[in-house]
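So that you can tell them apart, the chains are marked A, B, C and D in the order they are listed, and the count of residues begins at 1 in each.
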Amino acid sequence: MAKLPVQFRLNGSDRATFVDPSSNLLDTLRRGLGDFAPKYGCGQGTCGVCTVLVDGEPQLSCLTLAVTCEGKQIETASGMADGPNLQPLQEAFMDHFAAQCGFCTPGMLTAARALLARNPNPTRDEVVEAISGNICRCTGYEPIIAAILTAASAPGARRA
Amino acid sequence: MLDVRTCASLSEAAGILSGDRQAMLIGGGTLVMRDVNEGRLTEGTLVRVTDPAYRQMSVSGARVELGAGVTMAMVLASRELAYLHAPARGIGGPAIRTMATIGGNLFAATPYGDFTVALLALDAQVVLQAGYGSGRAMPLEDFLAGRERGGQGLVTAVQFSRPQNPSELFFRKIARVKPKGISVLSIAAHLPSSSGRVAQARVAYGAMAPLPMRARGVERVLEGKALDQPAIQAAKQAALEGCRPATDAIASEWYRREILPVHLGRLLAGEPR
Amino acid sequence: MARHEGRGMASVNYPIGMNLGGDPSQALIHSNPDGKFTVALSAIDLGQGMKQVSRQIAAETLGVPVEDVYVDTADSDTGPHDMGSFASRGTHRMGNAIIVAAREARGVLLEAAAEELEVNAADLVTDGRGNIHVRGAPSKTITVKATAQAAQFKQGKTIAGRGIFLIPLSAVDAETGEMNPNTAFAHACLVADVMVDDETGEVEVLRMTSAYELGRVINPRMVEQQLVGGAWMGISHALYETPEPYYPNPEHGPRDFNEYLMPGPGDIAPYHVTVLERPAPDGPFGGKGPGEMCANPVLPAIANAVYNAVGVRVDELPITPEKILRGIKANGGVKQGPRRGGPVNWG
Amino acid sequence: MATMEMRKEIFADERDDNLNVIGKGVQRQDMPGHVTARTRFFDDHAFDGMLHLKVVRSPHHHARIRSIDVSAAERAPGVKRVLRGADVPVNKNTLLSLINFGKDDEPTLAVSKVSYKGEPVVAVIADSEAQALAARKLVRVEYEQLAPVFDVEEALKPGAPVVNETYPGNYFEYHQRFDHQKLRFGDVERAFAQADMVIEERYQMSPIEHAPTETNGSIAAPEHNDRYVVHSCAQGLFFSLGTTAKIVDLESNRLHFIGGTVGGGFGGKVDSLTEPLAVLGAMLTGRPVRYVLDREEEMLYGSPRGAERIYVKDGLMRDGRIVARSIRSYFDAGAYTRLSSYAAIKCTAHLPGPYWIPNVSSDVYVSYTNRCPSTAMRGFGVTAVDFALEVQMDRLAEAANMDPMEFRILNAYRDGDMKAHRRVAKNTALIECVQVAADRANWPLSEQARRASSLGGGAGERSQIPATQLDARGQIGRPDSRSGPPTQVLPPGTMRIPLSKQPIMDGARDGRATPTQVPRYEPQPVAPPPMPAYQPGSQAYQPPPAYAPPPAYQPAPSYQPPPAPPAPPPAAPSQHGAVRFSTVFGTRRR
């Protein structure tokens, strides 16, 4: 089966690669383009560690056909920091010790980023809802929820 | 190996699907891509639809039509569809809802398919297109009955009458995990009232049978009654009529049968779950 | 409908390190020419914080700022042998190996400083901020950086250390079970408050209150991470999880995170922990290891709270709503136990 | 909301808190990497020309393999190699063979029969994951189904289906003598007879899956110098390296394992589920090979925390004292041993929980059943028994009409108490934990309970080893092994195992700085009375020849541990783990 070209903006840069027609976006980002921020956790849409933003909306890259991303804006956790400067969301995750193994963190940050872009002042319930598709097996979620709430109240949080 | 065909029109997609037995529609990808990733689906053609009609919503008239490619996130973004927000929010987390479509939910295997349960309570019709012909509408219940046989054509939209009083549509999903878990069971009830009495009740369950089902016994005993304690008691008595729940990883058949009347009673009484 | 509140408790201890010993850990430490240290291990960080625990133990022992130490793990070409990260052995076993290695490196560092300052190394102390000075005479001082430069470029010394920690393997008696299993134990007591729905059997954990004795706490933020995350896992084990929901019938195994039940972010119970520190005689700075035990008391405490709430003993994990509902029916209704104490005192 | 406070004043006199960075909540070294997504896990490494490995698993719980046909799979697009059991150089292993404990019992790829649903039979290696998945469907395996057994007690009954031919009785063999591990301390039967109440209950923990967000996996790639680099999620790097070296029959220094940054483990990444096949694939194809379990495989076949069934029988006095505790428990190992054999010993050491009880006995079995082999998990050997013991404690408190907290404090072990495994308790703190938790939960305690302390009230009479009734229960080869009769009474104070040695902390040249506490490690001297003239060889019940254990496994040459130093005869434990555990466990001082 011939490979197909696909081109999109990844974290603000134009990127192009060739994929199998049935390749998912996760494999394309990781093995095609070397962006290892989204992780493989299930390939089923049940864990959230592969969450990316497609045109600003959270999407599971493992369930997304790569060819459907032609011309779209893809954002991953590796594009969050502004050079060496962390976003308030990232700083809040650090301050709250909101990661242990760190495997769910890129997906969590991405899910939180989607929430704060839409709703800069979320309630706790809204935070809980926003990360409800993201599994964390280490932290018990509490520090993650606290970090997102802190980031929301931080000056400049809107950038997140 | 798998190929992907992108179709700019619904009729093109319908044509491919009726002509090629190895062709399969891919909507949001939440069902199909899992089968691809896990190696259950390795041959054939994935058919993708980019026709704007596929994602069209007409929500303001008396008759509501939602394209099969409309996502749960689109439902949640629509103020006119507030009465469907509870079932839409019952589907996955935010990322799943960006992707999962109404059409896909019609094909989700039990205990999934909670949005379809709400559509059953709205007496929805499914619009199907077979081959390059024009569409035909079919009651959702009939569509579901024939779903496993396949070959019904491409689902292009669902239609239903907009509830006169949106607050008369109730939805409750009972899950072990909060806020996102799959169903132990789900209940949708459309209970239009006319001078204080239920008229043309439509009650539907998810996960209480191999397919989302109508609770005809409950509908019957509620018809023409005020929603008072005796009526609720009668509804609970009739709740299990026609139920054939499964035992699965989430709950046993016994447990589903035990708690369905409880949750139905609480829903009808306006009590929290 | 009725919901019933109940309260239960459990107290436990937990052995630290591989049972019977025989589980060595090794560490290597070396300094760059400017007095910045690398600790090379083959220990595993699963998220429990092995890297940071190792870093703090190395920095404390060396007497240098924690920022001046990085831990490189795990590469079998550079990190010497370690049994692995399991059995709550990381902090205890590897921590001790790091102390040994860091003491050796510190010895060379102080010898080099002594040579530069023309004093006896035994009279030198570190201030933990990157300086070495004569005890009681802070003005007679040299930086770690200058010492390392002198050691390597002038004196020809390697500021490095190697360490191993091993509790020798011991035997078990076949007939009595006599053995030397462990050298350190951590302790805990946990109180769970639950609400049980007597029509559905559903349990809501309202709050948990615990006290943990963990030996010396190396890093309180990381201890909190373990205890909070572990308590969540305890709730999960108690009420939700199993890959065989109808064990020993092997059917209906969950295939994904939807079917494998665990508490979601909407199921979290408020939790208060008090930490006590009775140092382990042979632990690194008295440290034990909280990583494994922190789920254990939650399971029985919740089971006992459910019993207190509705009078049903569920002796088979997980405590599903079905088992509770069946128990209530078998008992002919709810039998609530005695009230225990008043509102919590988390002040 | 989660809050944590430190109660520094408790045990303050046992600590020197004048430390620089120990005890400080400084930021984790790995946190910047986590929040910027720069942390690299095993799968976050790119290799040109990387191949993908997928395995064909048994659809049956128990079946003989009649035939395997891989010809169609070998011809499928992109397939580079198909592996069968015969391709695995050493296709039988047991994890703890690295410390010489137990017999090799588990194949990497099944050859003649499968013993659990999901057991790997064939591995397919292809250019892409999709091609490997497609080719996997083309492998044809014919099975003849066998009767399975799923219940731990059913499995031990005569005539039960044999799950694991290496252990034909479906139990792990301890000390080459018994079908389980024993604990005997005092005389429980006599104490039960004298107790005011005897309470016996059955507890069951179902299996639990570790469910780390990162599934098990590894990437193996040929490296320069004829070596193989392996990016691994292993929880024990050298454990996995050693296991892999043995299975693929390669010198250990030709393997370069890199890992240490793992997406959660909880015990589920100790088993080296993927490394051997990934390395073998790289050896046979000359290409990098990636083998990652998908989530369904991880959930169903990634080895869970095993189920445990536990019977607890307690003798209780009306005043709340527990005078006897007897436990019979069964670890469900699944089809192969993995680490269950170790857990049973750890569990035995843990009994009877953190309480002082003058008469204790236990019989802990490891049973083989036709399910996925179980393995270590957070709290291994302890979590389930703690559940059983603490629910039992709640029952006992109720039976004694006592508050559960007060009941714990009354029975808590304290410094100086003799534990059932015949070592003195030190550094205890159960009572203080109960007191503080009660205070914070606003759970009132009596003045007496509030005044209790782990530091006092133990030792004395409680430090003595009682006369102990021994028995032959479970002796391998005895026809009535379940009800083995009493054999002899060990006199009070009998100890047969040498006290543990000082920990070895080798490498220090600088004896001056002792920032850690000086190890105080030797158990309190409990004057053992003269050893009774006990000669195990003279006992009547010797295993008949039919049950003689097979020749001891010889470890792979590359993992020969250093030779044991001269030891007291016969084969007392060495300092280096060089002695076979099976021998160690069977050894007693004479």
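Assume a contact is a pair of C-beta atoms (placed from the backbone, for glycine too) under 8 Å apart; a residue touches a chain by one contact, two chains touch by 3 or more.
Predicted model, so just to flag it, every value in this text is computed and none were measured.
**Student:** Can you pull out the chain pair that has more C-beta pairs in contact than any other?
**Tutor:** Highest contact count belongs to chains C-D.
**Student:** Would you mind pulling out the distance in Å between where the CA atoms of chain B average out and where those of chain C do?
**Tutor:** That pair's centroid distance is 47 Å.
**Student:** Averaging over Cα atoms per chain, report the distance between chain C and chain D in Å.
**Tutor:** 18
**Student:** At what distance in angstrom does the C-alpha mean of chain D lie from that of chain A?
**Tutor:** So the centroids are 37 Å from each other.
**Student:** Counting only residues that touch at least 2 other chains, which ones in chain A make the list?
**Tutor:** If we look for residues of chain A contacting two or more partner chains, we find 20, 22, 42-44, 46-47, 97, 99-103, 125, 128-129, 131-132, 135, 137-138, 140, 142-143.
**Student:** Enumerate the residues of chain D that touch no fewer than two other chains.
**Tutor:** Within chain D, residues 1-2, 27-28, 30, 130, 211-212, 262-264, 266, 294-296 contact more than one other chain.
**Student:** If I count partner chains per residue in chain B, which residues reach a count of at least 2?
**Tutor:** 1-2, 36-38, 179-180
**Student:** If each chain is a node and each touching pair an edge, is that a line, ring, star, complete or other?
**Tutor:** complete
**Student:** For a test of understanding, state which residues of chain B touch chain A in their complex under the given definition.
**Tutor:** Residues 1-4, 6, 26, 28-30, 33-34, 36-38, 46, 48, 73, 89, 92-96, 98-99, 179-180 of chain B touch chain A in their complex.
**Student:** Of all residues in chain B, which touch chain D in the complex?
**Tutor:** 1-2, 36-39, 42-43
**Student:** In the complex formed with chain A, which residues of chain D make contact?
**Tutor:** 1-2, 27-28, 30-41, 43-44, 46, 50, 128-130, 211-215, 262-264, 266, 292, 294-296
**Student:** Can you check the complex and tell me which residues of chain C touch chain B?
**Tutor:** The touching residues are 1, 199-201, 240, 245-246, 252-255, 258-267, 320-322, 325.
**Student:** Looking at the complex, which residues from chain B come into contact with chain C?
**Tutor:** 176-182, 247-252, 254-255, 258-259, 262-263, 266, 271
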